[in-house]
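Consider the two complexes below, in which subunit A is the common component and subunit B and subunit C are the respective partners.
Moving on to the complex of A and B:
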């Protein structure tokens, strides 16, 4: 067991690696009644083609999410209800690159933790339960189809990417999930739910040593010694976008637009990606945020409203920036955004003064977020899987310069890699 | 783990919740008045404007830069309701000075900002007109885009049907059609009324010392305390179930049902709460387990209550062909309670869960504040939360279930021409 202390932010982290490869982190939060656990596999919607110990497997789209749903069901019923019986709130989610199972409680933490471990480690799939799940997930897919924001988002991704599975709905399609069999599920489970491909984060006010030895014992009892080699295969993705412009019609009140900038991922190191991620966050805020004159210009000219939103996504296999708003004049908005991008390239727009204030704000937000065990558990997992440390964020924030912000902004916001998707009311 | 100081600041009741576990300090002002159609839309618009521009920071970017300088202090406003009341909340959350490596008196300055926020509308003049018109446009857009959220829109439509001639149908976020006719003068008047007549309370949560009182006294001052009694709406009997259906080009139908419950004591409210959790309030509830998991009749299915007013709402996302079947299924699940067809162990489980959730709320600054504010609104003779919960048993749940009556069924579904595709 190893202890890392972060004195500046008054946080302590204990870590341990089990012999079967599972990594555990315990984050102490003195005074909290709530205890929070996440058990995460590095397995998400993008992992549909992979090699295990030399053998290639292709599985249907949406299977990681499908598997997540099915893990709660066991021979003697739904584990969800057991968590509730033991006084815990349980949940799970699937993203592009991971599946997380989690619970929080103020009582009987170890009992619930055992339940979580057993649920995630011991699969139970039958032909009947797989078939029934198709119906449930199909309703979930349909519900998202009725959500204009979600539709706009996925259409934009499809305009940016030719091949990369990021463009496919995390839940898959009715066709793809209908192909899923229990054999697929067993294969994916034995491959990706192997302890060496998983991480556990526990946040709360704990008796740390006994907690870690409890998990360690449980893991040793599983008797897993073979650590498989997993190789994920991604299709070749060109640097260029797939489709520049698209207009959709839907039963909506107002026209919404989303603009995307694709940046082919070439950064191999985690720290380079983190620097670009933070630089883009600062740069976008400086140019388009509510402290920027451009924001009020766009607002006052009626090109955007307060649904205007932007973000940069930085993942191991892809990176892009998205901007979206309700707008009566999407063409004009695109034109003006393109001009603004040109203007800030020329001028001395990215100043020390602006960046200093942004940094103070981000640091404050970061500290507030550390009030929340959920935030810590989820973000600690995300940063860890991406190869960083959540608690070292302040140092990296400090190191970003105005030149970083400018350089990455110009590099990512390249009009040649820009797509635009417009969602209009019918008629 | 925390202690609460009950006091008054310049004739305004204040509650100081002192705890070490947070890295921030949160200050909240609650302004409570009777909910009415005349007010609700104005107050939404007004409170949004108040947190964007002030006399000392006459442009949004100025104010945001100022807050950013104080380590990204968060100034927000929120509207909600309890019982017959509409509540406007202003919150300021900022990092505790002990995590900052420079001499910056954050609490003092943030209380000054709050004062500025509260005082500014007294000075609304022509200079604010363009800002006011823009905020009206943004507010209209927000309410319009709520209609694109099918679940929210169908819930609103059900509420409109159920409370056709009752004030309750004006949800706390306001009425789209009323926005255009509001003038800046209206807002000035509404603000003056809010500052003089509303029931105002100040609450804080975080690690603070006695100096906080001096800072809080900067925010606002009253000549005397203003108190408004807090009441639920009286029970209205259901004579006939109301039904309404709308169609849209959508994939999934929405089924919404509204119920009214006759509640007469603190225990009956608590039993109503427990019953809702068992019925559809959690993922282990009967609706979730049976309608969604067992019968696959819905992807989403849940119930929620307005516990003070005794209203229960069921919301489901169901396949268009299954609407009637789902409605029947939902009513059968409610019937279980009336006939006593439920496990005692499930009551204990739900009560245990409610205790856990209540403790979890206390791990959040705003959660602690909300509990303390509810405490303040309670009638003095109301038993403690735990005492009430302990008194809820099988007999009481059965009794309450018989006093819950279906009032309205609203369906948003796809039109027949789309179904033919």
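Moving on to the complex of A and C:
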């Protein structure tokens, strides 16, 4: 067991690696009644093609999410009900690169943790339950397909990416789901739910030593000694976009537009990715946020309305920026955005003063959030899997300069890698 | 003109006092497009009885709020429309101790500021417009009277206070409003809207010197030289509560209960009041917040539900704490709360660790909020009128100890000064 103390922000993290490879982090929160646990596998919607101990596997799109659903179902019923009986709230989610199972409780923590471990570690799949699940997930997929915002988002991703599975819905497609068999599920489970591919975060007021011993014993009892080598394969993806411009029609009231800038990942280290991620967040806020003259200009000219929003996503294998709004004149909006990107390139737009305000706001939100066990467990997991440390965020935020913001903004917001998707009412 | 720099949080405040007594504060926000102005009189719903230059005046309840409404109406129409024409969003509000007029804009700041000053400084009241307003405010009052939460709140205040006008709705009553004449309005305006009783806060990216000169010239042109002495009189209020227990029936689904603890103000200085206000916020969160075992115990036993909330209000002339929830067993809830107050008195409940988490969260929220011109203008005004400085809040937060939290909690949460109001569905 190892203890890391973060004196500046007054946090203590205990960590331990089990002999079967599982990593455990205990984040000690003295005086908190609520305890929070996440049990996460580094396995998400993008992991469709992989090699295990030298053998290649290709599985249908949407299988990580499908597997997540199926883990709650056991021979004697739905595990949700048991958590509930033991006083806990349980949940799970699947993203591009991970699947997390979690619960929070104020009572019987160990009992619930055992339930969580057994649920995640012991698969139960039959042909019948898989078939039933196909029906359930199909309904889920169909429901989303009628949602304009969702449609616009995935169409834009498809204009940006040729091959990369980020362009596919985490839930898969009607076709891909129908191909899933219980054999696929067993393969994915035995590969990615191996303890060496998982991480557990426990947040709360614990007797740390006995808690870690408890998990360690449980893991030793599983008798797992072989640690497989997993190699994820991603399809070749060109740096260029796939399709510049697209217009869709749907049963909507107003025209919506989404503009995307593709920046395929070429950054080697986790801290470089974090710097770009934060720099882009700061830069986008400086150029398009509510303090910026451009925001008011775009509003006043009617090119955007108050649905306008923007985000940058920075993952290990890809990165992109998206801007979206209801707009009466999407062509003019694209034109003006292109000009704005040129203008801030020339101007002394990214100043120390603006950045200082951004940093103070982000740091303030960060400090407030450290009181939330949910926030800590989820963000600690995310940062850890990305190769970074949530509690070192203040240092990285501090280090970012106006030049970082400017450089990354201009680099990412390259009009050559810009796509635009317009969703119009039926003509 | 005076400059105060707050190095730690990187803020600059310019201040100036006009010869007619008006105080101006300019909070410089470099790079911000949006500018925000508030023009506030130290005159609120509690100022019904006052002496000006030796003469006593008594006016009907609700007049400060009535006056606020009427200031927007001039001979040539509603001033709201003019702000809107000049690209600004205008608003106003009345509280216990102040009336604020405000606008935000990204264009024509000076033009809007002139409009604000002229609107607030030049009264226009006729018998007809006063009569029409009585009808409008009567409708507003009636609408609120059907609201269960509002009813419960004012009934509780009436159980706590014998005389103090805090127990009266800021808008007044149907009776008191009907007594208001244009002569009352002129008296209150000439007394409380005197520049020496007002403060102006301007937040944004300004040419500070020319802005202050502009306001200064405008104020000099008014030719006001006499600074009246205003003495506010509050009725004698005993330290004890008025009525311990009350049950009301209304057309509601569930039983709601509000529990109040009266603590008549006996603190001499602004910083003592701020310490008690913050100590109570921290203490209430430690005892009843989502990290506390008591919160879960009360939830699990069904004595509260997730509508449960609590607050402490600390003003110059009064202070109290309120707790409220939907509850099936209000009598048991009161009993258990009384026990909890005794338990935390005995226990080492208020710890450094718990307080450190609270402080970090509050400080984080505070730092984030300093990016919002609206937050700054309103909070700066509030703290200034209470005799304190918004930008010195971090120091005061830092200074609070677990003993402060415990001492104030036990002192305020005195079962002898506890009232309980129960709102039940019709039997």
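In this text, the second predicted complex is superposed on the first by the 427 of 427 C-alpha atoms of A that agree within 3 Å, B and C clash if a C-alpha of one lies under 4 Å from a C-alpha of the other, contacts with A are read in each partner's own complex, and residues count from 1 in each chain.
We adopt the following convention: a contact is a pair of C-beta atoms (placed from the backbone, for glycine too) under 8 Å apart; a residue touches a chain by one contact, two chains touch by 3 or more.
Since we're looking at a predicted model, the values are computed, not measured.
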Message = In the superposed model built on subunit A, check whether subunit B and subunit C fit or clash.
response = clash
Key: subunit B versus subunit C, judged by how many residues of subunit A each one touches   = B
Request  = Applying the touch criterion given at the start, work out whether A:142 contacts subunit B, subunit C, both or neither, answering first, second, both or neither.
outcome  = first
Request  = Would you sort A:253 into first (subunit B), second (subunit C), both or neither based on which partner it touches?
outcome  = first
Query = Who does A:32 touch here: subunit B (first), subunit C (second), both, or neither?
reply = both
Query = What is the contact status of A:296 with respect to subunit B (first) and subunit C (second): first, second, both, or neither?
reply = both
Ask   = Just subunit B (first), just subunit C (second), both, or neither: which does A:351 touch?
value = second
Request  = Have a look at where A:44 lands relative to subunit B and subunit C in the superposition and call it first, second, both or neither.
outcome  = neither
Message = So in the superposed three-chain picture, is A:9 touching just subunit B, just subunit C, both, or none of them (first/second/both/neither)?
response = both
Key: Touching partner for A:85 - first (subunit B), second (subunit C), both, neither   = first
Request  = Jot down the residues of subunit A that show up as touching in both complexes, subunit B in one and subunit C in the other.
outcome  = 9-10, 29-34, 106-107, 290-293, 295-296, 357-358, 360-361, 363-365, 367-368, 370-371
Key: Contact footprint of subunit B on subunit A as seen in their complex   = 8-10, 29-34, 78, 80-81, 84-85, 87-90, 104-107, 132, 135-136, 139-140, 142-143, 145-148, 250-254, 290-293, 295-296, 299-300, 302, 305-307, 326, 357-358, 360-365, 367-368, 370-373, 426
Query = Which positions of subunit C touch subunit A when the two form their complex?
reply = 9-10, 29-34, 106-107, 286, 290-293, 295-296, 351, 353-354, 356-358, 360-371
Message = List the residues on subunit B that touch subunit A in their complex, please.
response = 1, 19-24, 59-61, 64-65, 67-74, 93-95, 99, 130, 134, 137-138, 141-142, 144-145, 147-150, 248-252, 282-284, 289, 292-293, 296, 298-300, 317-319, 345, 349, 352-353, 355-357, 359-360, 362-365
